[in-house]
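Notes for the one structure printed next.
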Amino acid sequence: MHNIKRHRLEQFSDGVIAIAITLLAFELKAPVLSANDLQNSFFQLLDLLPTLLTFILSFVTIAILWVNHHQMTEHIDNLSRKIIWANMVFLMFLALIPFATRAIAENPYNFVSVTTYGFIMLCTSLSFSITHLWIHKKINHNVSLSSKLIKRSLIGPILYTCATVAAFNYVPIAYFLLMIPPLYYFLPKKSQG
Amino acid sequence: MHNIKRHRLEQFSDGVIAIAITLLAFELKAPVLSANDLQNSFFQLLDLLPTLLTFILSFVTIAILWVNHHQMTEHIDNLSRKIIWANMVFLMFLALIPFATRAIAENPYNFVSVTTYGFIMLCTSLSFSITHLWIHKKINHNVSLSSKLIKRSLIGPILYTCATVAAFNYVPIAYFLLMIPPLYYFLPKKSQG
Amino acid sequence: MHNIKRHRLEQFSDGVIAIAITLLAFELKAPVLSANDLQNSFFQLLDLLPTLLTFILSFVTIAILWVNHHQMTEHIDNLSRKIIWANMVFLMFLALIPFATRAIAENPYNFVSVTTYGFIMLCTSLSFSITHLWIHKKINHNVSLSSKLIKRSLIGPILYTCATVAAFNYVPIAYFLLMIPPLYYFLPKKSQG
Amino acid sequence: MHNIKRHRLEQFSDGVIAIAITLLAFELKAPVLSANDLQNSFFQLLDLLPTLLTFILSFVTIAILWVNHHQMTEHIDNLSRKIIWANMVFLMFLALIPFATRAIAENPYNFVSVTTYGFIMLCTSLSFSITHLWIHKKINHNVSLSSKLIKRSLIGPILYTCATVAAFNYVPIAYFLLMIPPLYYFLPKKSQG
C-alpha cells in the first residue's frame, strides 16, 4: 500500500470544503417578493432571518474547520491509509452540512431538523478530532497522546452532543450550544504558540 | 497561532470564486419554450434579457474581484489570523452573489431584490477593501496607509452604497450605479505601475 | 500532439471527483417534517434510511476511486492522448454517479433505477481499469501486461455486471453485489506493498 | 498593471471547466419511473436518449476545450490584461454550456433551444480562438500570425455559425453540424507535432 502525498489530499480536501461552503449559499431560496411597498417587503425579508443566521453559523463553522485542517496537515508528509480514510469520513460528514443547513432553513423551529443538524455537526467534529489525533500521533512517532490534547479535541464533539440532546427538549438551547464552538474559537487565548 | 501559507489560501479562495462564478449560469432558468414559430420565440427570448444582463454584470464583477484578489496576495507569504478571517468574510459575501443574482433574475423590477443585490455587492466590496488594506499594511511593516490608497479602496463600497439607497427610490438608477465599478475597471488608466 | 503534464490532469480529475462527491449530498432531499412529535418524526427519518445508505455507498465508492486514481498517476509524467481520453471517459461516467444515486434515492425498490446505478458503476469501473492498464503498460515500456494484473482489474467490472443483471431479477441481490467492491477494498490483504 | 502568473489562471480555468463539466450530469433529470415492468420501463429509458446524447456531446466538447486550453497556456509565463480577459469571456460562455444543454434536453426538437445551444457554442469557440491567437502572438513577440493558423482557428466558429443558422431551418442538420468539431478532433492527423 503506497502512501498518499500530503499535497494531493490537501487539494482534494480543499476542493470538497470549498464546494460545500459555496453550496451553503446556493441552498438559500429567494423569498417570493410579491409585495412592492416598503413595510410588507420588510416583513418578508424578516422571515429570511433564521435562514441567514443558519447560513452564517454553518459558513463560519466550515471556515474554522478549513483553517484547522490546514494547520493539521502542515507537518506531515506521507499519510497512512488509516489517516486518509479518517479524513474521508470527515469530508463525508462535512459534505452533509449544506443538506442539514437547508433542513434547518426550512423548519427552523422543528426539533427534528435541529437534531439532524446537531448530529451531523457532532459527526463532523468527532471525525475531525480523530483524524487530528492520529496525525498528531504519527508525527510524534506513536508517542501516546497527552491527556491535555485529547481533552481539547473532545470539546467540540461534547458540545455538539449536548446540542443534539438539547434539541429534543428545547430548540433555543440547542441553537445556543451550536454557537459556542465558533465563539470559543474567536475568543482571545492566553498561549497558543 | 501558526500562520497560513499564502498558497493554500489562494487555492481555497480560487475554489470558492470559481464555484460561485460557475453557479451564476446554473441559476439561469431555461424559458418554457412553448412556441414553435419565429416571432413568439423571439419575444420569449426577449424576456430572458434582464436575466442575461444581470448574469453578465455579476460574472464580470466576480472576475474583476478574482483578478484583484490575485494581485493582492502576490507579495505576501504568511498571512495573519486577522487577514485570513477578513478574506473569509469576503468569500462569504461573494458566495451570496449567485443567490442575489437569482433574486434579481426573478424580479428584475422589484426594489427589494435590487436592494438586496446592491447590499450584498456593498458587503463584498467593503470586505475586499478591508482585506486589501490590511494586507497592504502588513507588507509595508505597519506603515500607516496613504490617504490616496484608502480613497481608491472606498470607491467601490461608496458606489454600492449609493446603488443600495437608490434602489429604494428608482430602480433604473440603481442598475446604472451597479454598472459603474466594472466600467471604471476597464477604462484606460494613466499610471498604475 | 503535445503530451499533457501529469500535474494538470491530476488537478482537473481531482476537481471533477471532488465536485461529484460533494454533489452526492446535495442531491439528498430534506424530508417534509410535518410531524412535531417524537414517534412520527422517527418514522419519517426512517424513510430516509435507503437514501442515506445509497449516499454512503456512492461516497465510499468514489473515495476509493480517488485513492486508486492517485496511486495510478503517481509514476507517470507525460500522458499520451490515448490515456488522457480514457481518463476523460472515466470522469464522464463518474460524473453520472450523483444522477444515478438520486435515481436510486427516489425509487430504491424499482429495478430500473438499480439497473441504471449498476450500469453506470460498471462503466465507471471498466473505464478506470482500462486507464489503469494503459498507464501501467506505458510505464513499463509496453511490456505485455501480466495476467494477474488483468485479472485484478476485472474484479470490479465483473461484480458490477453481475449487479446490473441481478437487478433485473431481484433487487436486494443487486444491492448486496454493489457493496462487495468497497468491502473487498477494506479487507486486510496479505501482500500489496 | 501587474501581469498574472500562468499558474493561477490555469488553476482558476481548470476549476471553472471542472465545475461546468460536472454540472452537465447534474442537470439530467431522473425520469419518473412509474412502470415496474420491463417493457414500459424500457420505453421510458428510451425517452432519455436525446438527453444522454446531448450530455455526451457537451461533455466531449468541453473536454476537448480543456485539453486545448492546457496546450495553449503551456508556453507562456506572464499573461497580459488583454489575454486574461479574453480567457474570462471564454470561461463565461463555457459556464453557459450546462444551461444550453439543459435547454436542449428539455426541448430537443424545438429550434429555439437548438439555436441557443449552437449560439453559445459559437461564442465559446470564438472566444477560445481569439485567446489562442493572442497568446500565440505574444509568445512569438508580436510577429503577425500565419494565415494557416488563423484558418485553423476559424474552423470551429464557422461550423458553429452554420449550426446556429441551420437550426432555424431544420434541426437535424444543426445536430449533425454540432457533432463535426468533436469528430474532427478525433480523426487521425498527418502532422501535428
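Order of writing sets the labels: A, B, C and D. Residues in every chain begin at 1.
In this text, a residue touches a chain if its C-beta (ideal position, glycine included) is under 8 Å from a C-beta of that chain, and two chains touch if they have at least 3 such contacts.
Keep in mind that what you see is a predicted model, and the values were worked out from it rather than measured.
Colleague: Pick same or different for copies chain A and chain B, depending on whether their interface residues overlap by over half.
Modeller: Comparing the two copies, chain A and chain B contact each other through largely different residue numbers, since under half are shared.
Colleague: Averaging each chain's C-alpha atoms to get its centre, pick out the one most distant from chain D.
Modeller: Centroid comparison gives A as the farthest chain from chain D.
Colleague: Distance between chain A and chain D based on Cα centroids, please, to the nearest Å.
Modeller: Computed from C-alpha means, the inter-chain centre distance equals 37 Å.
Colleague: Between chain A and chain C, what distance separates the C-alpha centroids? Give it in angstrom.
Modeller: Once rounded, the distance between the two centres reads 26 Å.
Colleague: Can you list the residues of chain A that touch 2 or more other chains?
Modeller: 11, 15, 19, 23
Colleague: Line, ring, star, complete or other: which describes how these chains touch one another?
Modeller: ring
Colleague: Using the contact rule from the top, write out all pairs of chains that touch.
Modeller: A-B, A-C, B-D, C-D
Colleague: Which residues of chain A touch chain B once you look at their complex with the stated criterion?
Modeller: Against chain B, chain A makes touches at 10-11, 14-15, 17-19, 21-26, 28, 30, 33, 35-36, 38, 41, 44-45, 56, 59-60, 63, 66-67, 70-71, 74, 189, 192-193.
Colleague: Which residues of chain C touch chain D in the complex?
Modeller: 1-2, 4-5, 8, 11-12, 15-16, 19-20, 23, 84-85, 88, 91-92, 95-96, 98-99, 102-103, 106-107, 110-113, 116, 168
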